[in-house]
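Here the structure is laid out as C-alpha cells; the discussion comes afterwards.
When the chains are written out, they are named A, B, C and D in that same order, and each has its own residue count from 1.
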Amino acid sequence: MGILTTFAKSLGVIRRASQRDFSNVGFVGLGNMGAYMAKNLIKKGYRLTVYDINEKAIENVVSAGAKGAASVAEVSKNSEVLVTMLPMNQHVLECYTSKTGIISAAKKGTLLVDSSTIDPTVSQTIAKEAEKNGLRFIDGPVSGGVVGAENATLTFMVGGSKLDFEGARTFLEAMGSRAVHCGDIGMGQVAKICNNMLLAISMIGVSEALNLGDKLGLNPKILTDIINTSTGRCWSSEIYSPIPGLIPTVPSSNDYNGGFSTALIAKDLGLAQASATRTGSPIALGSLSHQIYRTMMAHGLGGKDFSVIYQYIREEDKK
Amino acid sequence: MGILTTFAKSLGVIRRASQRDFSNVGFVGLGNMGAYMAKNLIKKGYRLTVYDINEKAIENVVSAGAKGAASVAEVSKNSEVLVTMLPMNQHVLECYTSKTGIISAAKKGTLLVDSSTIDPTVSQTIAKEAEKNGLRFIDGPVSGGVVGAENATLTFMVGGSKLDFEGARTFLEAMGSRAVHCGDIGMGQVAKICNNMLLAISMIGVSEALNLGDKLGLNPKILTDIINTSTGRCWSSEIYSPIPGLIPTVPSSNDYNGGFSTALIAKDLGLAQASATRTGSPIALGSLSHQIYRTMMAHGLGGKDFSVIYQYIREEDKK
Amino acid sequence: MGILTTFAKSLGVIRRASQRDFSNVGFVGLGNMGAYMAKNLIKKGYRLTVYDINEKAIENVVSAGAKGAASVAEVSKNSEVLVTMLPMNQHVLECYTSKTGIISAAKKGTLLVDSSTIDPTVSQTIAKEAEKNGLRFIDGPVSGGVVGAENATLTFMVGGSKLDFEGARTFLEAMGSRAVHCGDIGMGQVAKICNNMLLAISMIGVSEALNLGDKLGLNPKILTDIINTSTGRCWSSEIYSPIPGLIPTVPSSNDYNGGFSTALIAKDLGLAQASATRTGSPIALGSLSHQIYRTMMAHGLGGKDFSVIYQYIREEDKK
Amino acid sequence: MGILTTFAKSLGVIRRASQRDFSNVGFVGLGNMGAYMAKNLIKKGYRLTVYDINEKAIENVVSAGAKGAASVAEVSKNSEVLVTMLPMNQHVLECYTSKTGIISAAKKGTLLVDSSTIDPTVSQTIAKEAEKNGLRFIDGPVSGGVVGAENATLTFMVGGSKLDFEGARTFLEAMGSRAVHCGDIGMGQVAKICNNMLLAISMIGVSEALNLGDKLGLNPKILTDIINTSTGRCWSSEIYSPIPGLIPTVPSSNDYNGGFSTALIAKDLGLAQASATRTGSPIALGSLSHQIYRTMMAHGLGGKDFSVIYQYIREEDKK
C-alpha cells in the first residue's frame, strides 16, 4: 500500500471519527442482549431497521423507535452499518452466507459487525466472503452480560483491520463503555473465549478453595478477605463471590438467578475446546471446567448463574 | 472464664502490645526462609538463640549476631517466644513432641510459633500437647517467599486464640509486613493451603488461556491486557505473568528461576488434597493441578518457578 | 540364610500346610464383611473367639457358634491366628498398637492377619511393632465384596513373608477362593488400591463412552457388544455393566443397590491418592475419578453402587 | 416399502452375497493403511482403479496390479464400489462433495464406503448428498491398525442401512476379518470414537496404576498378573501392556515404536470431544485423556505408540 493511500485512508479514519455517525443502522438478532443494544442505539440517535425470526422481538424494538423489516435481506439493503447478535455458529453462518443473506444483499462498503460469540474460524470464513463482495466485516463479541447490554456498559472485543476498528469505535461505544482492538479478524472471538475459559476456571477454583476452607473450619468470609489480599486474588473472588450473602448484588445472593448462565459459559467453553483441539493446545483445566459445567447442566442447573458451582459441590450427602 | 479474668488478660494484651517485645527469642530451622527471618529479628533488636540440624546454617545466623545452640532443647529452655520453620509434617511433629523436643523442654508460658506449612491437623495435635504442658501455640505459615523473608515483607496467616495472636503480632511484624488472624489453631494453615491451591489453579488457567490465544493468533501481551481489565483478571496474570519478558522482575523473565518452586507448590497441593480427602470436599481442579505439577516434577521441573507451566504446555513437537 | 535353615523352614511350611489348621482363631471387626468371614471359618470347623465394639454384632456371630469376648485383649490372648476387619487407618492402628491392643496382648508367634483396606504405610508400621514383640503380621485385604464374603469366594491380596503367606494360605482359603502373594508387608494393600483405582477409572470411562454413544444415536447394547470384542474391553463393560437391564444380576439392574458402594470406592481412591502424593506418582485420571466420586457423594449417592456414575452423567436437564 | 419390494431387495442381497463380488473397485487414499487394504483386494481377485494425491503412492499399488487414475473423478466413473481412506474431515468432505468429486462423478447405484475416521456428522452430510444423486453410502472405519491392514485382519464398524451393510460384507471381509453393523449412517464412526476414547482412558489408567504400584514397591509384573484376574482387567493390561519387556511383541517392548500413535489417538479423542460438546455429553475422563495426549504431543511424543504414557509419567526428576 503506497504512502498516499495510507494517508488518504487515515484521513478517512479521522473524518469518520469526527462525524461520529452512521445514518442508517441495521440490527439482526433481538434476543436478551440484542434488544437492549438496539434500544441503546436508538437512544443515541441512530436510525434503526431491525429483524429477528421472532416477530414479538421485532415489535418490542419497533415500539422503542426502530423500523421493522420482513427479512435479513431487507435490513441489509439500506444499512451503512449492520450489527448481528445471534446464538450459535450455524445461525451466524446462515445469516451472512445464505442466498438471501447479508453478504448478497448488502451494498458495497457496508460495515458488518458480528457481536455473537462464535468460533473464530467462522468469523474468518464470513470475513473472506464479505471482502469478495466489497463489504467490510469485524467480529465484536461483548462482555458484560444482559446488565451491561441494558446499561450500555458492554466491552467490545474487536477483530478486524485497525481502520475498520477505528471506523466502528464511536458506533460501538454507543452500546458499551469500551471497545478494544484485539487484532485481525477472529481475534475478538479469541479474546472472548480465552478470557471466559479463564473465568470459568477461576470461579470453580474459588469455589473449591472456599468450600475446602469451610469444611476445615475456616469461615468463607474470612478466607475471602485473605484471598483478596493474597496471591489467589481474582475477579471471581473479589467482585462476583459465589458465597450467598457476601456481596448482596451478585447472583449468588439471589439464589444464583440472573447473571451469566451455566449454559452460556458451557457454550463458550465448548468454543474454547474446539479451538484448542484444532490447534493442538493443551487445556487440561479448561477442558475439565467444561465437563464440570456440562455435568451441572445434566443436573438441571443450565439456567442458573455459573457461580452455582459453589452450591453444586456443597450439596449435603442425603444418604 | 469470669469477667475479671477476661479483663486481666486483656490488660495483658495491651501491656504486651505496648512493650512490643520479647527479650529472648528461640529460632529452629534456618533454611532459605528461616535464616532471613531470624536475621530480621536480630536487626529489630531481638536476642536470638538458634538451632538447625545443619551446622553451617547455624554459623550463618550466628555471624549475624545470634547465639548458636547444640539442640532444640537448649533453644527451648531459655526462650520466651520460639519460632520454628521446618520442611514437612514429620519434622515439625518430631521437633515439638519428641522426648527432647520443644514441648518437654520449654518453660511454662512460652509462646510457640510454627511458621512451617503443614497439615492443619498436625498443628492441632501439637497445640493440644503444648497446652497440656502450659505452653501457648499458634500456627503462622507465611506467604511472600524467600524475597519476602529477606525484605521482611511476609504475610503471616495465624491460627490460635485472639489473645495469643495479639500477643504475637508486633513480634511477627518484625519479620513481615502483615499478620492476619484466621481463626482457631490450624486455620493459618488452612488459609495458606486454600489460597495456594487457588493460586496454582489460576496460574495454570492463565497459562492455558494465553497459550490457546497465541496458537489462535492473538498476541499474549494484548490478551494479557484484555484479561487484566476483564473477568479473567487475577494475580497470576497481573502481577506474576508466566510469559517471558512481559514483567521483567518475575521468574518467567529469568528462565523461570527463583520464585516459588514447582516442588513447593506441589507440596502445598498435596496438603490441600489430603485435607480434601479427609473432609470429603470435592476439589476437581485442585486435584488436577496437583497432578499436573507432579508430572512436571517427573520431567525435571521441580526446581523451576511454578509459572513454568506456561513453557511446559508450549514445548514444540520434536518428532 | 543357609540351605539347612531354608530346608527346615520349608519343612515347616509343608507341615503347616498339611495340618491345614489353627486350633484357636480370633476375629475382631464383625461388620458387613467380617461377620460373614467369621461365620465361614466356623463352618469350616475353626474355633472362634470374636469381638466388635458393637455388642449386637458379637451376638450375631456368637449365635453361629463363636465365643464372644469382652475386649480386643481377651481375643488376642488365646488365639494362634487373629483376623481384623476394620473400617479405616485409625481403627486398625488403635486396635493393634494401643496399650490394651493386639500387639501387647497376643502370645509370641501368633499370626496376625489384617484384612482391612488401609494405607500400606500403616500396615508397615504395625508389622514392625508386631515383629518387635515376636508376632507375625500379614496384610490381606480382599476383593469380592459382601457377596464374596458370604459365599467364601473372596480373593486375598497378601503382603508379608513368603513363609507367613504359605502358613496362612489354607486358613485364608477357608474364607475365600484364592489367596495371592503380592510381596512384602503392605503389598497386599498396594495391589488392592492400585487395582481399585483402575476399576474406578474403567467404570467412569465405560459410562462416558456408552452415554456419548447413546447421545449420538448408537444403542448402548450394541456399543457394549462392540466394545467387548474390541480394544476398549474391560471388566466394567463385560461383567458389571452400568446400563440398567443389560446384565440382570448386577446392581445397575437393581436401581444401583447392593454391590460396591460409591462411598467405599471413594475411600479406596483416597488411599491411592495419599500414596501417590507421598511417592510423587502422577495419577491424573485416578485423582479426577476420586473427585468425581466425592462430588457424587455430596449429591447423596454415597450408598449406591459405584456404577451409578452412568446415571449421574445422564440426568436430564430439568430446567 | 411394500412387501414385494422388500422381497425383491432381499433377493438382491442374497444374489449379491452369493456372487461375492463387485467387478470394478475404486480406491482413493493410498497411505499407510489404504495401500495395504487395496493390495489385499487385488490379492482376492478384485479389479482396482486407484488414486492418491501422491503419485508415488499410486505407483506403489499399481505395481501390485491396480490401474492408476489421474483424478478422483476418473476412479469414480467406472467403479461399482468405491473405498476412501483419508486423513481428516476436510479431506473426506472435499473428496466426496467438490465439483469434481465422487458424488458428481459416480454412476447411479454405486456403493461408496468411507473407511476414514471422521466426525459422524460429516458422514451423515455426505450420505445425504450421495442419496440425492442415487448413490449408496456407508461409513466403515476400521480398527486393527497398519498390522491389521497388512494382514487383512481389520474390523470394520459399519454405519448405514442393513441392506447396504449386507451388500458390502463379503467385500469388506476381503480386507479384514470382521464387519459389524453398528446402526444407521455415522454409527460406524460413533462406535469407533467411543471405543477409542475408552481405550485411551484404560491405557492411561493402567499406566497410572502400574506406576503407582511400582513406586510403592510392588513389581509391575506381579501387579499386572493380579489386575488381569481382577476387576481392573482390560485389554490395555492384558494384551497391550505399556511395560517394556512384559509382552515382547507390543510397542512398549520396542521403545514404543510402531502400533497406534499418540497423534492418532489424540485425533480420535478430538472427534469424541467435538461430538460430546455438540450433544452436551459429559466426558470428564475422556477430555482429560485428550489433554494428556495433546501435552505429550507438545513434548515430541506424537509419533510414539500411545502406550508411551507409561514412560511419560515415570520420567525421573532431573533437577
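Just so it is clear, a residue touches a chain if its C-beta (ideal position, glycine included) is under 8 Å from a C-beta of that chain, and two chains touch if they have at least 3 such contacts.
For reference, the UniProt names are A, B, C, D = 3-hydroxyisobutyrate dehydrogenase.
Nothing here was measured: the structure is a model prediction, and the numbers come from that model.
Student: If you take the chains that touch subunit C and keep only those that also touch subunit D, what is left?
Tutor: Both subunit C and subunit D are touched by A, B, going by the contact rule given at the top.
Student: Write down the chain pair with more C-beta contact pairs when A-B is set against B-D.
Tutor: A-B
Student: CA centre of subunit B versus CA centre of subunit D: separation in Å?
Tutor: One centre to the other, that is 53 Å.
Student: Using mean C-alpha positions as chain centres, tell me how far subunit A is from subunit B in Å, no decimals.
Tutor: 40
Student: Pull out every residue in subunit C that's touching 2 or more other chains.
Tutor: 276, 280-284, 288, 292, 295, 297-298, 313, in rising order.
Student: Hey, which residues of subunit D end up touching subunit B in the complex?
Tutor: Within the complex, subunit D touches subunit B at residues 284, 288, 295, 297-304, 312-319.
Student: Can you check the complex and tell me which residues of subunit C touch subunit B?
Tutor: Where subunit C meets subunit B, its residues are 266, 270, 273-274, 276-277, 280-284, 287-288, 290-292, 294-295, 297-298.
Student: Using the touch definition up top, name the residues of subunit A that touch subunit B in the complex.
Tutor: That would be residues 120, 143, 155, 157, 180, 182-184, 186-187, 190-191, 194-199, 201-202, 204-206, 208-213, 215-219, 222-223, 225-227, 229-237, 240, 272, 275-276, 279-286, 288-289, 292, 313, 317 of subunit A.
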